[in-house]
Structure formats: structure tokens, C-alpha cells
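Since the structure comes first, as C-alpha cells, the remarks are kept for the end.
Which chain is which? They are A, B, C and D, in the order written, and residues in each are numbered from 1.
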Amino acid sequence: MPDLLPYLRADLIAAGQFFHHRGWVPATSSNFSARLGAQEILVTRSGQHKGRLDENGFLRADLQGMSLEEGKRPSAETGLHALMYQRDAEIGCVLHTHSVNATVLSMRLDAVTLEGYELQKAFPGIQTHEGQVVVPVFANSQDIPALAAEVAAYLDMHPETVAYLIRGHGVYTWGATVADTLRHIEALEFLFECVYRQLLLDR
Amino acid sequence: MPDLLPYLRADLIAAGQFFHHRGWVPATSSNFSARLGAQEILVTRSGQHKGRLDENGFLRADLQGMSLEEGKRPSAETGLHALMYQRDAEIGCVLHTHSVNATVLSMRLDAVTLEGYELQKAFPGIQTHEGQVVVPVFANSQDIPALAAEVAAYLDMHPETVAYLIRGHGVYTWGATVADTLRHIEALEFLFECVYRQLLLDR
Amino acid sequence: MPDLLPYLRADLIAAGQFFHHRGWVPATSSNFSARLGAQEILVTRSGQHKGRLDENGFLRADLQGMSLEEGKRPSAETGLHALMYQRDAEIGCVLHTHSVNATVLSMRLDAVTLEGYELQKAFPGIQTHEGQVVVPVFANSQDIPALAAEVAAYLDMHPETVAYLIRGHGVYTWGATVADTLRHIEALEFLFECVYRQLLLDR
Amino acid sequence: MPDLLPYLRADLIAAGQFFHHRGWVPATSSNFSARLGAQEILVTRSGQHKGRLDENGFLRADLQGMSLEEGKRPSAETGLHALMYQRDAEIGCVLHTHSVNATVLSMRLDAVTLEGYELQKAFPGIQTHEGQVVVPVFANSQDIPALAAEVAAYLDMHPETVAYLIRGHGVYTWGATVADTLRHIEALEFLFECVYRQLLLDR
């Protein structure tokens, strides 16, 4: 089997550069992952700037989020990535970014409800602007296993979910490939800016 | 006759890169076209990111919007491009972009009326800031032929129209050349940002 | 005497690229000039995009704003540039840009009054944030000689003026060199964004 | 001992280019420094554009902020840099930037209080979003020694401080390395934009 790792790593590095250009990965926030196999993922290391990643910015981990490389520590939030790969064998990438709008909206709303936007069609299985896409907001926590359990319970009840926010902390989304997941981030950030601008006009 | 296609394609690729830099073509939204001849246009294919187009991102279509290349599917909205080329032999380019401001304004207004802006002179035949430029908003629809018929009826009544919005979906504009139409997009997006900022101050 | 023209032209081309990156020269708006000698200036031609200027984007004109190059038409607003070179032999550059904030503020205010900003020190002769810098707004007009006369009368009364706005049309500023005038534009645009953001909070 | 100077200078030049891209160092505002040794710092010269620094844009100064290079004048605000190096031998870099948000917030608030933001963890010693990070605002003054004394008195009382604002003038922050301090600027600017957007929604 040809080695996927260099291709996936290059895609995640490029995604990070694009996000940094837009201001969505400030300081050492955010983390990215992609599936290497049935039981293995590639994930960004702790403490890296995600807009300036290189080969050393990643490690291999198992689907419990434990490092498979001695001496390399995964990001604290790797458990939230691992959760998605455990839940669905079709998921090939998870991206967590940290934009101003994701932060501000998540501190004011319990969910961001998208309706009437053509760009909702950027998400899988959505053919029209007429439905609703609900992006739930979870309270922030430094206890990642507890947060992962809360997310899992929500996803069990709402399997159509395409993304979620953590309060004051940013967005998580996933997809079959890095390109698909990047498209979700781009659509979500566009829609969050629309929602923020609408909120300002609504007051 | 020298082949126009590579030149028009290069111009549309460059336009897409510029729009992406500004955030006006998120995810796989937007589509671009240019006239190749009396009965033929070049148009972006379905599902492409318009900020990262290459030679494979286009197909030739007839003025009914049907693909002239086997196995290549035009974007669903090609009918809205074809409409303009059918109506006016002088039209050489149609650009549809999808910005935050075009989205937000089209969800709140029935038309964007521009008045007193020097930049109105960027549109053909306008010599002063003193008149009004009206950009109508049409309800969004996944039924493109019905939407095209509605646009055509409006343009019959208002032949001076330089652009229109589809609600929650973005802007369409056209011109003799790619450069002219790009200038219209740049002017429209500038003016939409002005209108949004004015609306915020007006509340 | 060594030929200044290629150096000044290169500086104005680079200034235009920077302004375009910031969105301050949309479509074919804006115009730039620099002094070539006691009776001669270099000025952008009509109809050029100021973010993509090349050697052909300029012409030499006299201090009345008349072209010194057969077949090359100066921008309509060259008279507003010529006015400044006539008034003050120390002026070596005039820049007119066209930003969203300059447009919006000029449509709502009769003058933009800057006070308490450290960046006021970017203007010549200002050593503290404590004074006031007043940027007057003139009504827009397609009659450039009339507008130039109005500006001249104001400057006679207010010789400390560093810049002025034309309503819905953008800002003019000037300086001894292209670098100085570029610094004024950068400071003005920064301060206009501050003023707009303050206005939003003040409502 | 290998010479640190070229490395630190290159890091500060790159930091300035990044800040300029974001619009945080307009005109000749802002200044940067890094520690060269126990009694010596490298600091930007007066009058330079901080987004286009080269080797000539710096000078060596002592911890009193006096130039160690004949004929090169330090920026007026070097005293605010020197203060930090005097106070703490662990400080290796001080960055002062000048953004729209830092300017606007500092003109309306007596302190910017950050609470509930995950990105607070970008600052040293902070492990959770649950505490408060207070960024005090000092009145602007052209009397730098007086301002430095006021800052020093505040820091004596509040040693946990990570940054401060000067009214209408921008932000100062510091860290062990250029990379650490750059991370603080990026986090502060992100959080200031969040706070501004929250203020708009709160009115």
C-alpha cells in the first residue's frame, strides 16, 4: 500500500497556511487530523502554530488519541478528534479552527442555526437552502474526556450534525477527505460572518 | 481565427484567484463564463473551488447551457449565464460571486439602491454619481429555468440593469470582456460593503 | 540631471499595489501623481486599474493638468492634483484613494475630526496626539475646475490642512515625497477605520 | 559566544512583515526590541516603517534606552522597552503594535478584561479559560519617562500583567523570546477583535 502520510500531511500544512491567512488559527490554537488507517490517525502536535506547520508538527496516534510516537505529545484536544474517527469509519479528516466569529457567536448563542443560505449546500447530503443546519454550542471545558462524552451523546441524538462549537473556543467539523473538511470550514466561517452581520443589524 | 479559449480561461482563473483572496467565492460557490463565439461559451464545471481553478475546471457549452463536452457536467446555474449571452450579442462575460455582503444584503432588502457614490461610474453608460443604480433581489430557487425566466422578465422591463442578486446566494453581473465584468464585481462588492456599513449606522 | 521619472513611476506602481491589497483603489477609481520638475508632473492615465499599473499607465502633464504627451488623456481629476503643485513648490506627490471608510464617512459627516490619536503624529508638523486634525468634506462634483476652486479657497483659509475628502468619492492627501504621502494615506485610512468603529459604538 | 544579533533582527523583521500584513503597524507607528545580553538590547530606530524593516532599521541600546551606536537615534518610546528588560532578566523581547482595535478599545475603556476565552491560555502560566486577564489602559503621554514610571508602579502592584494599552496608541507585551511575544500579540489582537465585536452586540 502506498504511504498516504506525506500527502495528508502536505494537505494539512496547506490548510493551516490558508486558515492563518484568514486569521482563523491565532497563536497556538486549533488542531488538525487525518486518518492514516483503520486504527491510526495523523494529528498536529501540541504547542505548534498551525499556520507555520512543517513535518515535525505532527504525530501518529491511535483512535483513543494516544501517541504512537515516543516523546511526541499530542494536543490536549486529540480526544475530540479520536471520537469522530471511532464513530464513523468514513471520516477521513477532522479540523478544529478558532476564529473571531466562532468565538463571539459561541459566547452568545446556544446554537447557530443556518437557514436560507445557498452555502448550506456545501455540507454533505444538503441539496437546498430551504432546510436548517444547526451547529450546537457546548460549554468549554479543560476536561476533554468529559467534553467528548457530551459531544458523543449529542451526536447520537443528532446524527445529521455537520459541525459543533465549543464556547469561546472555536469550531470542529469533519469529512471524508481533507478537501471536503476544508470546504466545510470555509463554508462555516463564511456563514458565521453572515450570522454575526445579521445579528448586528437585528439589534 | 486564433483560439480565444486559452486567453479567456487564463483571465477567468486569475479572476477566481483574486475573488478567493477577498473571500468572495467560498467553498464551491460561484461560477464564471466567457463567450467563445456566436453559439458557444466557456463555463466553470460543477463542484470546483473557484479560487483554485485549472484547465480542467471548465467546459464548453452552447447558449442553452448544455455541455458540448462529453462527460463534463456544467454547474447547475449555467442557465443563468446562458440567458445573458442569448439576450445580448455584446455580452462577452458573466460572473457570479458569493460574498458575505451580497448574502446578507440580499436576505434583508428587495433591492440594493446605490445613489451618490462616485463608483457608480464603474458601470457602463454612467457618467455621474447623481443617478440611481438599482440592483434587484430575486428569491433563491433550486429551479434554475424558473429563476432564469423571472430574471429575463425583469431585464425586459429594466434593460439598464447592471447586476442582480439572488437571495442568500450572491450576485450576477456581465460585460463585454472579462476585465469589464471583473471591474463590475469589484465595484459592486465595494458598494455592498458601503451599503452594509451605512445600514449599521442608520439603525 | 538624472532622470527621476522611472523612480517616481516605480514608487507609484508599488503604492498602487499596496492600496489594492487593502481594497482602497476599487475598479478604476483613484489617481496618483508625483512632481517631475518645476512645471511638470507624472500622473496616472484615465481608465487604469491603480492596483495593476505598468509603464503605460502614466503620462506627463503640466501644472495646469494638461497632457504633455500626444494621444494620452489624463484622468478627469488631474486638475485636483495640479492645484496642489501650483500652490506649493515643496509638494512632490499627491495621492487620491477611494476606500469604503472614506466613502461612508464622507457621506455622513461634514468633516472628520481626529483628536487623541497618537497616529496624528504621522502628519507633518504634528508632535502630539493632543491637538485636532480636521479633514474637511467637499460635495462631489463632475465639474472638476469648480471643485478645485472650492478646495483652493478652503486651503487658503486653512493652510494647516493635511487631506480632504470628496463626498462619496475618497480622500486626497499630499507630501514632499511619495513615501511621505503614502504614510499619510496609511495613517488616514487607519484613522478613518477608528472613527467608523467609534461611530458604531456611539450610536 | 555566537552572535545572536542577526537572528533576533531577522525574527523582528519577519514579525513586522506579518503585523503589516494585518494592518497593526500603520505609517511609522510601533516599535520592537529584543535582548542581546545582560545590559544590551536591539531596538527599532525612529521613523522606520515597521512592515518594511531592513538591517538599517535597528540600533543597539543599553537598558536605560540610550543608543550605543553613534548617530543612530532610538525611537522615543525605547524607554518603555528598557523598563521591561530592567525589571525582569527573563524577558527577551518587547513588542509594541498599533492596531485599530487596540486604539479604539483604549479610547473607551480603562482596562480590557478578558474572561471565558480559550485563547487566554496563550499567555504564560494560564491553564484555563476560567480566570480573568486584565489589560490595563494608561493615558497617552509624550513624556515617556513619566509614562514608564506609571507603568512600573502598576506592574509592581500587578506582577501577573501580560500586556498594557496606551490610550489611542496601541499595546505593549513581552516574553522570553521573539516567538513567545509574537504569540502574545497575535492572541491579544484576536481577543481585542472579539471584545470589540461583543461591545457592538452589547449596546
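To be clear about the criterion, contacts are C-beta pairs under 8 Å (C-beta built on N, C-alpha and C of every residue); 3 or more make two chains touch, one makes a residue touch a chain.
Being a predicted model, the structure only gives us computed values, none of them experimental.
*Asks:* For the sequence-identical pair subunit A and subunit B, determine the rotation angle of the Cα superposition and round it to the nearest 5 degrees.
*Replies:* 90
*Asks:* Which one of the chains is farthest from subunit C, going by Cα centres?
*Replies:* When every chain centre is compared against subunit C, the largest gap points to A.
*Asks:* Distance between subunit B and subunit C based on Cα centroids, please, to the nearest Å.
*Replies:* That gives a centre separation of 32 Å.
*Asks:* Could you please state the distance in Å, as a whole number, between where the Cα atoms of subunit B are centred and where those of subunit D are centred?
*Replies:* Measuring from centre to centre gives 45 Å for this pair.
*Asks:* What residues in subunit D touch two or more of the other chains?
*Replies:* 200, 203
*Asks:* What chain pairs are in touch here?
*Replies:* A-B, A-D, B-C, C-D
*Asks:* Considering only the defined contacts, which subunit A positions touch subunit B in the complex?
*Replies:* 22, 116-119, 122, 127-129, 183-184, 186-187, 189-190, 193-194, 197-198, 200-201, 203
*Asks:* How about subunit D: which of its residues touch subunit C in the complex?
*Replies:* It is residues 23, 26-29, 49, 98, 100-101, 103-104, 107-108, 140, 142, 166-170, 196, 199-200, 203 of subunit D that touch subunit C.
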